[in-house]
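Consider the two complexes below, in which chain A is the common component and chain B and chain C are the respective partners.
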Partner chain A sequence: MPDFPIPGYHGRVLVADLSLGEIRPVPLDPGTALSYLGGRGLATRLLCDTIDPACEPLGPDNAFVIASSPLVGSTAPTAGRGHMVFKSPLTGVIGTSNSGGTWGAAFKSAGYDALIVKGAAAEPVMIDLAPGRAEILPAGHVWGKTTHETNDVLAADAGPGRPARILCIGPAGENLVRFAAVANDRNRVYGRCGPGAVWGSKRLKAIRVRGREKIAAADPEKYKSGQEQAIYLLKQAPVTKRLMRDLGTAGLVELINLIAMLPHKNFQDCLHRDEDVDRVSGETLAKTLLEKAGSCYLCPIGCQRHTRVAGRDGGEERGEGPEYETVVLTGPLCGIYDLAAITRANYRANELGLDTMSYGGTLACAMELAERGLIGPEETNGIDLAFGSAEALETLVGLTARREGLGAALAEGAHRLAAGRGRPELAMTVKKLEIPAYDPRASFTQALGYMTSPTGACHLRGGYAVSLAFFGGAKEIPRFSLLQAPIAIRNMQNMGILQDSLGICRFTGYAFSADPWARMASGVTGRDLSVAKLEEIENRVATLERCFNLGAGATAEDDALPDRFADVPILVEGRERRVTREDQERMKRDYYAVRGWDAAGRPTPGLLRALRIEEARR
Partner chain B sequence: MTIEVRFFAAFRDLFGGRSRDLAVGEGATVGDALAVLCDTAARRRELFAGAGLRAHVVVMLNGAPVGALRGLATPLAPGDTLAVFPLLGGG
Partner chain C sequence: MSGPRWRATDGLFREFQALGRASLVLDTQDSHSGNMALRRTNERGEDEIVITATGSQKGDLEPSQICFLSATETDYGYYKASSETDIHARILALPGVRASMHAHVKDLILATLDDAPKPGKPPDFVPVDPLARHHLGPAVPVDWFAVPSGSTELTRVIPERLADHPLTIIFGHGAMAKGRTLREAFFRLMVGNYAGAVVRNMERLRIDVGAVRDGIAAGPGRAFAGPPPDYEVDGDERSDFRDEEEILREFVKAGHRVFESRLSPFHTGSMSIRGVRSMLYAPKASMPRDVGGPLLSVPLAPDPSDDPEAALHKAIYAGSDFQSVMHCHVAEAEASARFVYPGETEPADRIIPIDAEGSFLYLVIPVLPPDTGAEELIRNLHEYKVAVVRGGGVWAVGAQSLSEVLHHPSSVREICLYRIGAFERGLDLRRMEPAKAKRW
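Entry: the complex of A and B
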């Protein structure tokens, strides 16, 4: 390690200004590092120090930050995730997204803790990183290519030595599709909130990394005690030991249907025939499409699905996925139960660089608009846009990525699509982010999670209440408890912040909580990063994200579900369930109080002082 | 009385099917029904740790987790549906 006072960090942040064509390292402030840890926390702090939250997301004044952590690239299980933070062009608030695979660990081994990219290039460029070297290179030869083509060309171009790892956008990002993704290792995806469009607006096609710098722990014994405990528990817990490998995340489809939470036809209801759900279940996927399971960096869980499917026009295709969210949002949410079509559309989305979740939510919205006569046949160019149309799913994915025909309207996301036709209430979004595949009427906890997630409706940033309400064992809480939801969701959100800030996988949470991570983080850095200290960091990050959103113009009114969830009930356990506006207000008020924010959802000056937060720069 | 028991994921292999009708006595509880189902050592080992359920086993009665009801002591009624599945994750 170089001259940085904290082991686990390189002490270097790269700053690229694409308008000027310059890239240079600057020192990482040790106090900032320990206050924000890494990943999501550190990236959020650096973003707040770099941009005005009120900036235009697709303009040169926006930036994105990728940050590593003291554990990324170590031998800690799953510690290979990269995390990206930016102002989202889909939502207008903070965007945060991460990805597995190997890129995150390779970035750390190239010798940097974080990368800030601002400005915009006049011509397509890429960034090339290795220990002691950072360059901005022309990328015209890969502009227009898919994520797979770009990955393969740039990896081959890198020449001999350690394998190069590629993070890149596809045509959707180049065409500024508001939910465009960034992909690494071909099929691992920074999906949500539209990071690909931010890259496209900067004409940045790819970041190539390779390196060999290792992590040395300050207190190897302490580190090892946490690492060995973590691996032992991952190999003991049934979910992480076997079940995720057997069925992947799609194993949830039948169960979520069983608890009346599986959305249908743009969240109009949760009513499916069992035989339809069977056709898209994890078990069917495993029996008909799965070739093998796969793993990300140092992951013993192995939930990746390497699949093959019959081609639409004959032959056979191979790829990865689909995951639970993709299956449901591009499937039953659109009235589609054709697993082969869902899988092929997933392959195309990965290649074109699109978030399958927002694509599914937007397509379902388009189908409802068509059902109500608000999208006419003259706009669909002969495509059947009725609920259940696999043709629409497979055809529109390419049109959306290229902004052609009706795809140009879909490329704006569900909110703008519906608002453009005078019916914004038909977009099932929170803060303009399309809602994940769990109906919030079936769990108050999940409802509050969507409402208060800093990025808009996200089960990963907002809190994954399904595991608490149904699968939590000793942690189980009633799913309709207004009283318990605020604290439960705060705790889930904080655990997510910790996992995102350490660059580790959410699924480790099925085997253990914060303690092994605290040992590993303390062991690597040689600093006090006890569970209590980590909680302080989690609260700091949550409140800083809130400051950013307030600076971007968000208010407490944005912490609300679409009208449908308050007005139209679904049937759960024989009872009609909805989340009334009064229930939403009550949970929100209590959540703000738990966070130490005022009644309008604003962090108080006292809290900002206690957490030692300098407000997001205005 | 008769209830329906539905199995998910690996439990389909363990119990040899997707669902079955189960006859239990009047006043039977969820625990009684599971005891009838676990008629081999292997089945019992997969579902129970001592007198309680194993940590990764989730049992629902008519769509409600029994942990939120009265646990294994929850009484059954004719026509009830019991679902047995392993803890799963996703997202």
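Entry: the complex of A and C
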């Protein structure tokens, strides 16, 4: 491969065709690199170049792309994340997910910028990567094993040298559970949108990487100025310097409850007893379960929770988690306030390779269906499926991963579960993706974020309005401003695209915004990656994702909240709040306008030309 | 005149009370100093002066401390009215003048003190900032009086000065301003005080103010960014976005903060939030409590009738994804923008924070020349979120909210305060500036 003209990149993309059993490197186009940066941006571009958005997500025509970024491999704080993009088997639109830990950095050090995997193998396989070497190997010996077992076996098999890092699926992925995750470093997961099922459909069990290739900055002084400032700010901002390390993301539980946004019983209301919330708070977790905090690659924040909990049948278990989303979605959303049960279910989900968010949202939906008599005792096999049943939480996680009994229905996700019983409106999803643990009725900005997120209801891709509204320091955003929501959420979504495309952690956003990243990216590449230039890339990626979704059959009608949020108010600071259909329509219309899309949510030809993605119209 | 009229109507009283309070909040009065008056035709069609009572506490005016007296004859209203009533009455008799106000504008007083033997005529005050230059003129008269309060000499000279100037300075005492409304008179006093603060800060930074003045005299067009908008006396109560309760609150809150934290003199500066097709625009960003300002919904599309201030807000939005814009006139920043490091000859092109909070927020703040165009300003705002335009104020942007953008001028003021204070103490700013800032 010739020397790549842009520092920060290796200039190599690996393409694996599992149907043919072939894997080979191809050159990365420098123009593509600079137009899409890396991570989510680059992976989206490569996916769009590889598949037809209308393809069957669990068929061989789907592909997934993992991409690194020019900052990964540098000393930039938190820059070790990998990003995966694919067509989601859960939502039918673009799926995009990332993960921390060490795998992303190891992949970059193996000498590649991106990996495209297409086709499907006849038998279980794995991909083994090292500098100058890429192989497809049989993986029958780990098929059926948990993510932990797979990780340990394949890491041990790698032999001497630098430690190998493993990315793999568990039984949930193998069984095509639509919200199956892909795990690395045992407990870090590419969780949302069902990447594990895509892997399972390809009979790809794992990707093992190791390497030592470094990157050098083109302008070390410029790079260092941004890097030093970033570290300095991370050490000063309260959320990044202490809160995350002490309480983890679960530290949000009390706060989100205080602002009347903590969902309850499948989003029927946000009413909790304070003592119940206290039982599942980050503070309680820290006092009762936490052994130590941990960090991802080059991360000074340290939000990981290494915990231990009493086993269900005696003894003691150790693992990681739970995070805020897991606590709330498998907890209060299901009427459950049993932190030990939540933690054990989280351990099992990690081992089996399930997204805890979608699992929680689907379980809550099942509980409401049961409450309404739409899931009968004959289906539950004696499991108490009432709201508040920790038994259901812990038992169904395994059944879902294995598609056994009622678990087979849950494995399809909340939308298909409810629709199958004639009540799709009881699924709290947008574009079939289960809603995160913030009630949208308590923030119009967050509501619009869920509506317009390219992946369906996702606080990370749709814009995390909560963060800025309530602990973003000077960035408070009015919660109920129809006027401000469209641009505010567009800008938050764009910031997310930047972070995902640079392979960095969302939580850095609590300390600073784009400027230090622009310095670092410009310093590494030696190219103009100013904030303005990055903004252009962000808009390009957002519109390309939209084009993919339109190609996949999505329409403006899919950019809507479930009826419950328009029809049933919750009480926020003494006032009834809902997001009426008219409000949704107004915000959506304005959001399309600020994106440069037409009234039907289609990017205009002029915009596509300006963003240099005319071909996306096809 | 018939019947006692010692009760102000609600609206009238609230206006006196709010401006009195505002002048005290900004430390431009002592506990009892100052006075304000307006001339009006009352409900009975009589020509009337309304004036604060003598010795009243302007920060806590009571309804009974608003006095009503005839504008055309002596009546019992004088018994309780300000000791400066005669001066006010003569000012209010000037053509077009409907209000007058006196305040102890300390920064301006200090900037115009001199130790030349008196009696004597002190030199006029020459502003070095764009606001005072535009609103008060290139030279503001300063007069020394043997009896600088309530004297016949004052009564004669002050109205003469105000016949030709919007504001005049009473050496060692304060300033008197005229206006079409009380707000305009107050506006001029605050602009004057701001001008004094800019000069005083420049002196503390050992900037050669004389040389700056010479430079301005030689080419005023080159010394300042475009002129600020003229002061509009109508429309302060207009609010085009009452249905956006939260945003309305944000604007009001930000307006209070801009005024009270001295981020921009009364009714100067501007701020906006961008909608999809329009922007919510406050052309008088600095708003004390209980004193509003227009809150306008303005189409985002450029319009030939836009004043340069509104046009620049629109240009920033057209050239960026920002959601909020704020423009303030921060005295400390205006002075700092002309700071020349010892041993150097040209003003610095960046302000480097030396304080912890400032360094936390920014490594450097760019200082742009007065003639910086919109494109260059936007480029800098993209990179730094805030920029100081020499002779043009502080421009800042936010990605999400007004609260976010407010933080920038507020921080810039503190950053400049610490730098000025350190320099004044003889500390070496270069040594105090973080090394990493040099690489930024």
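One rule holds in what follows: the second predicted complex is superposed on the first by the 611 of 618 C-alpha atoms of A that agree within 3 Å, B and C clash if a C-alpha of one lies under 4 Å from a C-alpha of the other, contacts with A are read in each partner's own complex, and residues count from 1 in each chain.
As a working rule, contacts are C-beta pairs under 8 Å (C-beta built on N, C-alpha and C of every residue); 3 or more make two chains touch, one makes a residue touch a chain.
Quick caveat: nothing in here was measured; it's all calculated off a predicted structure.
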| item | value |
| --- | --- |
| Touched partner set for A:Pro478, first chain B, second chain C, both or neither | both |
| Touched partner set for A:Leu460, first chain B, second chain C, both or neither | first |
| Which of chain B and chain C A:Leu233 touches, first, second, both or neither | second |
| First (chain B), second (chain C), both or neither touched by A:Ala488 | second |
| First (chain B), second (chain C), both or neither touched by A:Ala532 | second |
| Partner chain in contact with A:Ile215 - chain B first, chain C second, else both or neither | neither |
| First (chain B), second (chain C), both or neither touched by A:Glu325 | first |
| Contacts of A:Ser225 with chain B and chain C, given as first, second, both or neither | second |
| On chain A, positions contacted by chain B and by chain C | 473-474, 476, 478-479 |
| In the complex with chain A, residue positions of chain C that touch it | 241, 244-247, 249-250, 273-277, 280, 320-323, 359-360, 363, 378-379, 382-385, 398-401, 403-404, 406-407, 436, 439-440 |
| Residues of chain A defined as touching chain B within the complex | 237-239, 243-244, 246-252, 254-255, 258-260, 282-283, 323-325, 436, 459-460, 464, 467, 469-471, 473-474, 476, 478-479, 506-507, 510, 572-574 |
| Touching residues on chain B, where the partner in the complex is chain A | 6, 8-10, 12, 54-56, 58, 60, 62-65, 67-68, 83, 85-91 |
| Touch list for chain A against partner chain C, complex | 221-222, 224-225, 228-229, 232-233, 236, 468, 473-484, 486-488, 490-492, 494-495, 513, 515, 518-519, 530-532, 535, 539, 590, 593-594 |
